[in-house]
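Presented below are the structures under discussion, each in the form of structure tokens.
One chain, chain A, appears in both complexes that follow, with chain B as partner in the first and chain C in the second.
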Partner chain A sequence: MKAARYLACVVVLIVCGLSLAANWLAPAGYAKQFREVPDSPPSRAHLLGTDELGRDRFARTLYGTRISLLLAPAAALVSTALAALIGGIAGYLGGIWLKLARAFTDLFLSLPWLFLLITVRALLPLNVSPLVSVLITFLILGLLGWAASARVLSTSADALRSSDFVLQARASGLDGPRLFLIHVLPNLKPILYAQFWISIPVFILSEANLGILGLGVAEPLPSWGSLLRELEGLISFREEPWRLVPLLLLIVVMTSFQLLLSNEEVTA
Partner chain B sequence: MLLRKIAGHVASIAALVLLGGLLSATLVRLAPGFDSDERELDPSLSAESLRAIRAEHAAQNNILRFYAHYLRGAVHGDLGTSQALRQPVGNLLRERWPVTLRVAGIGLLLGWLLASTLAFAACLWQRPAGNILGTALSGAFLCIPAAVLALASVIFNSPGYLAIALIVFPKIYRYSRNLLAKAYAMPHITAARARGLGELRILARHALPVAGPQMIALAGVTISIALGAAIPVESLCGLPGIGQLAWQAALSRDLPLLVNLTVLVTLVTLLANSGADVMNYVLRPPEA
Partner chain C sequence: MIGRRKFFCVVFCFTFLAFAAVAQNSSQLRFCLRTEPKTFDPLLVDDESSLAIRYLTGGVLSRVDRHTQQLEPELAESWKVTSDGKQITFKLRHDVHFSDGTAFSADDVAFTMKRLMDPALHSPVGDEFRAAGNAVTTKVIAPDQVSVTFPGPIVGIDRIFDELVIVSAHSPKKEGAVLGPFVVAEYKAGSSVLLERNPYYWKKDSQGRRLPYLDSIHLDIQPNRDVEMLRFKRGELDLINVVDTDYFDRLASSSPQLVHDAGPSLDSDFLWFNQVAAAPIPEYKRAWFRSANFRRAVSEALNREDIGRIVYNGHAQPAVGPVSPANKFWFNSSLKPEPHNPQAALDRLKADGFHMQNGTLVDKSGNTVEFSIVTNAGSKPRERMGVLIQEDLGKIGMKVNLVTLDFPSLIDRISQKFNYEAALLGFHNVNLDPIDQMNIWMSSAENHAWNPQQKSPETAWEAEIDKLMRAQAETSDVKKRKQSFDRVQEIVYEQAPFIYLVNQNALSAVSTSVAGANPGILFPQTYWNAERLTLNGTATAKR
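Up next is the complex of A and B:
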């Protein structure tokens, strides 16, 4: 299992490295059109062929991987920070604050994730510039994905509130934000790290789902979601197998994340 | 005691739905473009008609008044009109709901059947191969976006409920497998095995009663997952259900329809979770 984890770590690092080196590895930019060879099969000039607009698929896959792999952790950071703020503080304060936070969290958790995502996405303008669409997509993921983590954190902070060392710190005159920052938050760190790592694959998949449904990153910017949207026109998986490369890459990265997270973390 | 529990759940559902509705209404009111109306661009409209349209919007400026107006209508069965489809939302929900109920229902049943069969087999068989097969299969489906499974369903010409079954399967398998593994690690099961009880009997008499309550709770949660999975499956497989309606509403920014759908789905999810909780209470009432 340890070897599998090392392998998974190496795979994620390699994929990240390749996507970061897109500027040097890709034969052209993600939006550059080769109008003379639209929808062409793989060749020496275009390793994964071109799409129907003549854009190099290899370049788009590299740039799309970069966007998905860099922004999913950013969204996970936002959601974990929000979870720490809402769940951690409510758990630390206890009483009515904890009850209110739990009711709010329950409300968020009772909504199917995709329903919530597409509803909030639709509330914001759809015809925006590609860069804004990237920011909106991942910001929504970060701002809406805090609920499950907040529930875990509120329970842990609630338990810490009545622990011996917190009681002793209180008895020594430490209270309020200082007690939370010095004694409670550092003890929540392992849970915060776990929630951060768990959120990344969830957000990668969510972005892919939004992208395929046409509610994700806007053209011409590529992301795994918008790249997978190309599969919509596929009649058979055997017909043009090179079109499946982004999907295979996504599956490889997701499998690696699953291996990196322990069984308990994945099912939490 | 049971009635008090049910009353508590009903009160909490009502409060959460009202709060959710208010939150949705606030978001709709604050959404960019809420104040503008495409009808204002129509050159054939007279100045008086334009004034009436603006007055209609001005009346909705106050969020609380806007929400109260919506609630008054909802109590009388009027959920408003879809902006994109120009049809009463109530009619649309009545037309589409049976499709989702059938697709998500069959998908959920198949998913549970596959997941529980594999989880039970892994526990009964007691060989690593059973566990590896289930874990690999569930792991593979966990890595694939729901929308890709829906696309695969279109490519292979398979029914939409199969995609939903494969979307819910990994979550059910992993959770129920873990619950059963925890139950099997308990000392009374080791004692039962030492006494020579058959594996099937141990599962039915000793492991399931321990894992059962949480598996019932899981059943409530999976309804929410299946409803969420209905969005990509119905949209990409061309099934005219609630999921497809939500997708169309999102693409056309039909906010009144989307808010109603969200409130409806929240209500169904809360009812499912509360139903699971009440069922657990009925099956295993707390000792006095």
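Up next is the complex of A and C:
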């Protein structure tokens, strides 16, 4: 298991390293259109061929990986922080606060995510650059994705509240925010880590889903979602196997993220 | 006893083989409808699937030949239109019967007209007949002669009868009794529609054989295009009426004999800028969008050849204006597509005070030229087109942000709130006559997309278009109408309120087992001559 985690760590590092070196590895950039050779197979000039608009698929894969791998953890950070704030505190306070927080979380979980995202996306200003648009997309994902984690955290915090060491701390005169910061929060850390790591692939896939609907990252900026859209209508894998590279990359990275989590974290 | 059993077995086998032989000889054409037909009443048709069934089952007085685009007599042998364009008199064919054997006469035409004009029916077909008012009268002159009188002149009065399917006045089957080549035999909701040969169909071929040649048509209801294509490849379907570019090329590479590119269709894609006075956009941007020089410069900067070649894999032609070259009569052939010329675009922009600053275009007040183009999410061709436009305009220093929105949000922005800067959409034209475009070109119209519902025309050129559109709608003199509409096309070309991009080609797929198919650009592209289509033996034996 240790070896698998080590391998997963190496894979994630290599993928991150390659995506960060995109400027040097693919100097043509992700937006340049080689209009004379649209949809071309791999060649020396274009290692993974070109897409239907003649853009270098290798460059787009590297830049897309950079965007998805950079912003998905950022969105996961936002959602985990919100989950800790809402779920953790409500669980610690207990009583009516816990009931209220759970009701609110359940309500949030029952909302149709996709329609909510589409609606929020439609309400945004139109004249934003692709970079700002991608930031907004992931920020929305982060702001809307806290509920499931909050549910887990509130239950754990509730259990901690009635644990022996918290009771002992209370008996020693410790209470309020200090008790939460010194005794409860450190014990919630493994769950917070687990929720953070679990959220990353969820957000990458959510962006991919939005991308498949044409509502993800704005053109010409690539992301894994927009790269996966190229697979629509692909009937034979044998004819153009290089088009599967973004999908393989997504599978490899997602698997690596899962392997990075320890058993305890996954069950948490 | 054993001998008798053997005898019965032999008789059973012979009977079975005889039935099998009959089944093999019956020819059934199979293709897909993409949606459930909403109605089988020919006067209530408003969707494409119902339209297909209406075309295959309904009999009309006159019909636009889908190939020559000329009006041809059908149930009417001939007709006469009065000089004021208010009245049309039909001379009907003799010895014509509905599918249940009921005789066809002028009474049926009068009954159909009465039903059509009934306000309680809310017939979408009736809208064209009500163009001059509701007081339409039908007079039966003789069993084979009928006249229809309108309260005012109707443009293209004879052509509107192409859509009017005659229903029986006397048949107990009502609209179930038809005059077309096929009759609805079975309908399984959500699954299929079976049409069978109308034994009383009036048309005969040159050898005197009664049409149609086919025994039946099986229409599967199948919204999934992948499944449709897979079934076509397996030989389970005989044709696909409209094929997307990607599917077309894939099929063409493996079976070129199955695909048909009939050339430019009537459909077009275009771009326009928001010119609405009350729109929530900055004043300096509105000034750009209202400048003909700005719009023409954008038009000149676009590479339409590339759009046709890259987005539609070469199955689209650079568009000229509101009328596709496929519309043989109404297209203004003196106009040519705007050539791709970024330098000319920059020169034109300079005349309006625009200039380049560090590779970016700025206006005379120093504002950077940046705007967004909205289009519908999920439409791959439009998204691809948007990215090519983004790159083309980037070359003349314009920064374009492409925004894809779900369709309801898009419609809300472009037609209710006017909260957008530019939009990329398309028209799916079905009618050849410009009278159908009144709701686009009149400045007071709702579909005058760049600046709709104007109380009075806000620009001189829009006032001129209003005048010309009214002129062509008020006369039945075809030459005068053509002159007026040619001038409308010239103004649209000069002012570029819509920047036309490409006309997509009409792409279809027909199995080699179908004989007599001649795919065209008008609906229904592949089976417009369904009564003359035949299937060869191999195809029928396969099923």
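Here is the rule we use: the second predicted complex is superposed on the first by the 239 of 268 C-alpha atoms of A that agree within 3 Å, B and C clash if a C-alpha of one lies under 4 Å from a C-alpha of the other, contacts with A are read in each partner's own complex, and residues count from 1 in each chain.
Following the convention adopted for this analysis, a residue touches a chain if its C-beta (ideal position, glycine included) is under 8 Å from a C-beta of that chain, and two chains touch if they have at least 3 such contacts.
This one's a predicted model, so the numbers in the text were calculated from it and none came from an experiment.
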Going by the contact rule set out at the top, does A:D106 touch chain B (first), chain C (second), both, or neither? first
For A:L53, decide between first (touching chain B), second (touching chain C), both and neither. second
Counting only touches as set out at the top, which of chain B and chain C does A:L228 meet: first, second, both, neither? first
Could you look at A:R35 and tell me whether it touches chain B, chain C, both or neither (first, second, both, neither)? second
Which holds for A:A218: it touches chain B only (first), chain C only (second), both, or neither? second
State whether A:I251 touches chain B only (first), chain C only (second), both chains, or neither. first
More chain A residues touched by chain B or by chain C? B
Is A:A122 touching anything from chain B or chain C once the two structures are fitted on A? First, second, both or neither. both
Give one of first, second, both or neither to describe whether A:W24 is in contact with chain B, with chain C, with both, or with none. neither
Chain A residues contacting chain B in one complex and chain C in the other 118-119, 121-122, 126, 213-215, 232, 235
Please give the residue numbers of chain A that touch chain B in the complex, ascending. 103, 106-107, 110-116, 118-126, 205, 208-209, 212-215, 228, 231-232, 234-237, 247, 250-251, 254-255, 258, 263, 266-267
The chain A residues in contact with chain C across the complex are 31, 33, 35, 38, 52-54, 118-119, 121-122, 126-130, 133, 213-215, 218-220, 232-233, 235
Contact set on chain B toward chain A in their complex: 15-16, 19-20, 23-24, 27-28, 30-33, 139-140, 142-148, 151-152, 155, 174-175, 178, 224-225, 227-229, 231-232, 235-236, 246-247, 249-251, 253-255, 258-259, 261-262, 265-266, 269-270, 273
Contacting residues of chain C [partner chain A, same complex]: 226, 246-247, 250, 306, 310, 370-372, 374, 377-380, 383-384, 386-388, 390-391, 401-406, 409, 419-421
